[in-house]
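Below, chain A partners chain B and then partners chain C, in two separate complexes.
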Partner chain A sequence: MKKAILPYFFVGPHLILFIVFILLPTIYGIYASFTQWNLMNEPNWVGLNNYKTILFNTESTFHVQFWNGLKNTLLFVLFSVPLLIVIPLLAAVALHHKRVKGKGVMQAILYVPGLISISAAALIWLLIFNKQLGITGNIFNSAVAWATTQPYAWIIIIVITVWGGLGGNLIIYRASLAGVAQDLYEAADIDGAGPFRKFFSITLPSINFPLIYTFVMTTAGAFNVFGQPLMMTDGGPQQSTHVLMMYIRSLAFGHGESIAGMASAMAVLLGVVILIISALQYYVMSRNAR
Partner chain B sequence: MKKHVIQALILCVTLMTVLSACSGGSSKKTITFWTPLTGEDGAYMDQLVKDFNATNPEFKVKHVITADMYTKISTVLSTGKDVPDLAIIHADRVPGFVKQNNLEPMTAIMAQQPELKEENYIPQAWNTGNIDGVQYTVPLDIHSHTMYYNKDLLAKYGVEHWLDDNNVTVEEMLELQGKMEEGQYVVNDALLGWGMMGQIQNLNGDIQVDGKPAVDTEVFRKAYTEVKKLNDAGLMTPFGEDGFLMFQAGNVIFSTDGTWTSTAHAAVEGLNFGVTNIFSVSPDKFTNRSSSHLFAMLKNDKRTDEKEAGIGVFLEFLRENSMEWAKAGQIVASKHVIESPEYKNYMQSFFTSSEEQTKSLYIYTYEHYPYIAEAVDVYSNDIVRGNVDMDETLATMQKFVEDKIAENSGAQ
Partner chain C sequence: MVKSFSISKYVAYTFLVLMCVIWVIPVIFGISTSFRSQTEVVSTGFRLIPETWVIENYITILTNTSTAPIMRWLINSVFIATAHTFLVIVVISLTGYGYSRMKFKGRNLLFFTLLGISFFPGVVNLIPSYKIIDTLGWVNTSWAMIIPGLAGMGNIFLVRQFMLGVPHEFDESARVDGAGDFKIYFSIILPLMKPVLIVCGLFSFIGSWNDFLWPVIVYTDVEKMPITAGLLLLQDIYGNYRMIGQLMGSAILAIIPTLLLFSFAQKYFIQSINLNSGIKG
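Moving on, here comes the complex of A and B:
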């Protein structure tokens, strides 16, 4: 009997936290997406109206906001995810080399930016890119107002994202590289394989699962982007970096009374997009890995 | 095994203690007071609360700074738990809260504290909390859009006379077209949306007609057209540049920001500056678009009559002793404070120095004002900079507001 109950004590706390803080809010969020709700009164059930408006009513502000937000979010994913995979991978491989000294310090330097709050980091980077005070203006003589001119607005968003985000994946890659058997490389050396051949034929296949994991998780994280465009460009110029999470937040918790039902519907649709893309990524990558 | 059970129990008790501590809840003799005053403002309010508590009142005040206060208010109101006894809300939130029946009238408190009355406050700050004859709030301040000027630059360009009638017009500013040194400008674009809302009043217009939002109108078109002239003439700081910083660096004659930024400007060494009204598109009228911090009681069944009386004592204390709040750069709402000689030392006393000045502080009270302000904030810069078609954008703004109102009215 004791043995039957004991495992639940270990799983229990996490399960309770998961139900209270994730499952129930998710279910309520989905319910809210079928309502008109201002967060104060009881939600008013409207069925699929919010979804119809967002997806098909081309006249509606919410339709325009959703598609513009989704387009900008997809652009952010396309720009940031490859860099957040490739740069940490290259850094990890470089740090894995025998002759590199001070690996711990280098890793710490790359990891620490991820611990800094996005607001503080954005202030620093905005000063760096400031036309009058910043390095870009004074040393590189850039005459551009970065935050309000495309494609520079995207560039500063991606720079701060990669700067803050590469440490997490780097540590995963370093841990996985440590697990790759050395005799494979020795055998390759005997066969006369060069560094590129070893990287593509030994390193990459050996860390297949960490790669799939980081790819899926980084993509899902990138879809939820919010802080970087809010702080760096405030969605500008002309809402060209206004991502979906910013619209969702301003609808639910912005000016005046909340429009939480519509915001929830947008959030559910974003969740569906993330789910489909993550599943596709996982399917394609794990099939190729076999 | 026994040891593990004891450890597990200790963990559970600790967790329960921490979680119950998180839930907080106000004690019977404490007034829980929520404000959205982050940064320096919060420190000034902390001092005021400390001063009040030092008088050993029956009910002491516990000041809780809540960064995301309106979200938290909606949460506690919908659950009915941990509703604060007193809160500071912004003027534009009053109509919405009252419509939702979320505010307790101040009637009982005003009966107990006879000095808490309209005559003792700046009228528009008091009246913004009055809906259909019922007083729901007591004001702390007015925080207004403000135009700072660089005295040295005004003299350099020989335009000090612009300040003579306290109304710097767009027409006057245009006199400097082609006369500015490279890298110097007449005005920046800080808080441009606030400025546009002021211009609507200067043109004797409004943001609503018969309760319906009115954004795509001739008044808005005229206001944007006039302000855009400053940009087109090269007199406004370039789009995307930090005009606030450029003013502090001594390269801009006028900075259109808020009363609260006077402290930041004062900290800049060598910046010789003064304050006046926001520039106007009309020679006959000037308006400083304003908001107000208001004390309000959210509906809470657990608030006893005794505690409500304690809140009254606190508000009366602040009416007489809120000079500290002037240090934050705010226009204190209490006449007791603003009529005292000490208040004249503060720059913002300019805005209550005459009846005409006081009238220039305009607070919008239209029910759907927050949605209009949001649309104006989002689109103003692009219109004034000529990045978008004005007519199309005004139509988009009108639709933006109407869609939000329609969606919101379905949630009532």
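Moving on, here comes the complex of A and C:
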């Protein structure tokens, strides 16, 4: 008898936490998306109405917000993810060069911004891009108000994202490159292959799995973007950087009465998009890898 | 061949040095601006080194205890991140022991079911999580940030993977000597888990310190919020860059704890990747 309950002393506390803070809210989040709910009272079942409104009712502000938010979120993913793969990969390859010295210091410099919260980083970067007082205005004589003019508003969001997000993928690629068999390169040298040939024929295929992993994880993370546009542009100009997470937050937790049911439906739709894209990426990339 | 090797060396150096300059300038710029007076910033514009170093910005922000109580926010953040990290270590070591060393019916099925569910995008549970925190009476308390994060599966996955690679000899011999599970967990497995627990602890601390979306949602009380949520209010309080030194000083104060942690434990951050050899490929 004692033997049978003992394991639950070990896994039980976490199991309870998991049920209360992950399983229940996930189920409830899906349920709430079929209701009219203000977070306070009991939700009112409305069937598919929220989804119909969001997806098809062109008169509704929720429809406009959802599609604008989804469009902007997709734009962010399209701009940021390739850079968050390619730049850390190039940096890792450069750091992997045998004759390069000071690897530790350079890696630390590139890694550190990842430890800085978005709100602190944004205060500094906004000053850098400030028209009168920043670097862009003073050194490059740019008279642009970056945060309120497109395409500069997107540029500053992407800059701060790449600056802060590079370190994680960098150390994954560095560890992967260290694991690539050296005799492959030696054989390529004998065959007279140049550095580009070696990179595309040996390096990339050898780190195939970490590439898939970082691609899928970086993309899923990018879909949840919230802090960078909130801090850097507050969604402007004219809501052109207003991402879906910002709409979800302001509908559920903004001023005035909460519209949590509609926000939940938007959250479920975003979740479905993330799941589909992750699955597609994984499928396509692991197929091409063979 | 030797020639192409040295050309590639210069290409690599140029690229890296350029990147490092771009990456480090914002931090230096933030620090130096926090030591410049408002008049200097406005009259001389951009400088990487202050003409005259002033400390007044820091005095102003550290003595502000009403609209932007930054000391209060820092203390809240330290408490939240420390308590969260400590509990993470307790929970993941206990749970990791359970899923890797104890035998019970449906163990692996349970583990992989939880893992599968946890892959479901977190955005869906955001709103109900708030409702649960509200029901528990935790809105505007530190519990809202300390407890929910303990439910995650990522760290437990790492601990379990790590334990699968540790030979059973140590705990088996203790078991033969008559030691129970709690004794084995505490005196044998816990010390063995140290490398993975340190890494998970560090990332939990950094993650908790820098969390932004959740504190912005669960804190409305200025006295109770952590520093990340507090900084969001600063643009209104110190004006839209009318008190620049104060803004920069506040950002720098928010960064210092995580940078200190990194400088002491850098090797664990960099080596963390070795714990998950699956990713490395």
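Methods note: the second predicted complex is superposed on the first by the 270 of 290 C-alpha atoms of A that agree within 3 Å, B and C clash if a C-alpha of one lies under 4 Å from a C-alpha of the other, contacts with A are read in each partner's own complex, and residues count from 1 in each chain.
Operating definition for what follows: a contact is a pair of C-beta atoms (placed from the backbone, for glycine too) under 8 Å apart; a residue touches a chain by one contact, two chains touch by 3 or more.
Given the structure is predicted, the values throughout are model-derived calculations rather than measurements.
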item	value
Partners on chain A (chain B, chain C) - clash or fit	clash
Partner chain in contact with A:L39 - chain B first, chain C second, else both or neither	both
Touched partner set for A:V284, first chain B, second chain C, both or neither	neither
Touched partner set for A:L133, first chain B, second chain C, both or neither	both
Which of chain B and chain C A:Y28 touches, first, second, both or neither	second
First (chain B), second (chain C), both or neither touched by A:F253	both
Touching partner for A:S176 - first (chain B), second (chain C), both, neither	second
Touching partner for A:Q238 - first (chain B), second (chain C), both, neither	first
Contacts of A:T148 with chain B and chain C, given as first, second, both or neither	first
Dominant toucher of chain A (residue count), chain B or chain C	C
Steric overlap of chain B with chain C in the superposed model, located at which of 45-53, 63-71, 171-179 or 387-395	63-71
Chain A positions touched by chain B in one structure and by chain C in the second	9, 39, 130, 132-133, 253, 260
Chain C residues within the chain A interface of the complex	1, 4-6, 8-9, 11-13, 15-17, 19-20, 22-27, 29-30, 33, 41-42, 45-46, 91-92, 94-95, 97-99, 102-104, 107, 110, 114, 117-118, 120-132, 134, 147-148, 150-153, 156, 181-182, 185, 206, 209-210, 212-213, 216-217, 227-229, 231-232, 234-235, 241, 244, 247-248, 250-252, 254-255, 258-259, 261-262, 266, 269-270, 272-274, 279-281
Touching residues (chain side chain B, partner chain A) in the complex	8, 68, 70-71, 74-75, 77-78, 92, 96, 100, 102, 238-242, 245-246, 249, 368-371, 373-374, 378, 381-382, 387-388, 396, 399-400, 403-404, 407-408, 410-412
Of all residues in chain A, those that touch chain B in their complex	9, 35-41, 43-44, 46, 59-62, 130-133, 145-149, 236-239, 250, 253-262
Complex contacts: residues of chain A adjacent to chain C	4, 6-7, 9-11, 13-15, 17-18, 20-26, 28-30, 32, 39, 87, 90-91, 93-95, 97, 99-100, 106-113, 115-121, 123-128, 130, 132-135, 137-139, 163, 166, 171-172, 174-176, 179, 189, 194-195, 206-210, 213, 220, 223-224, 226-227, 230-231, 245, 248-249, 252-253, 260, 263-264, 267-268, 270-271, 274-275
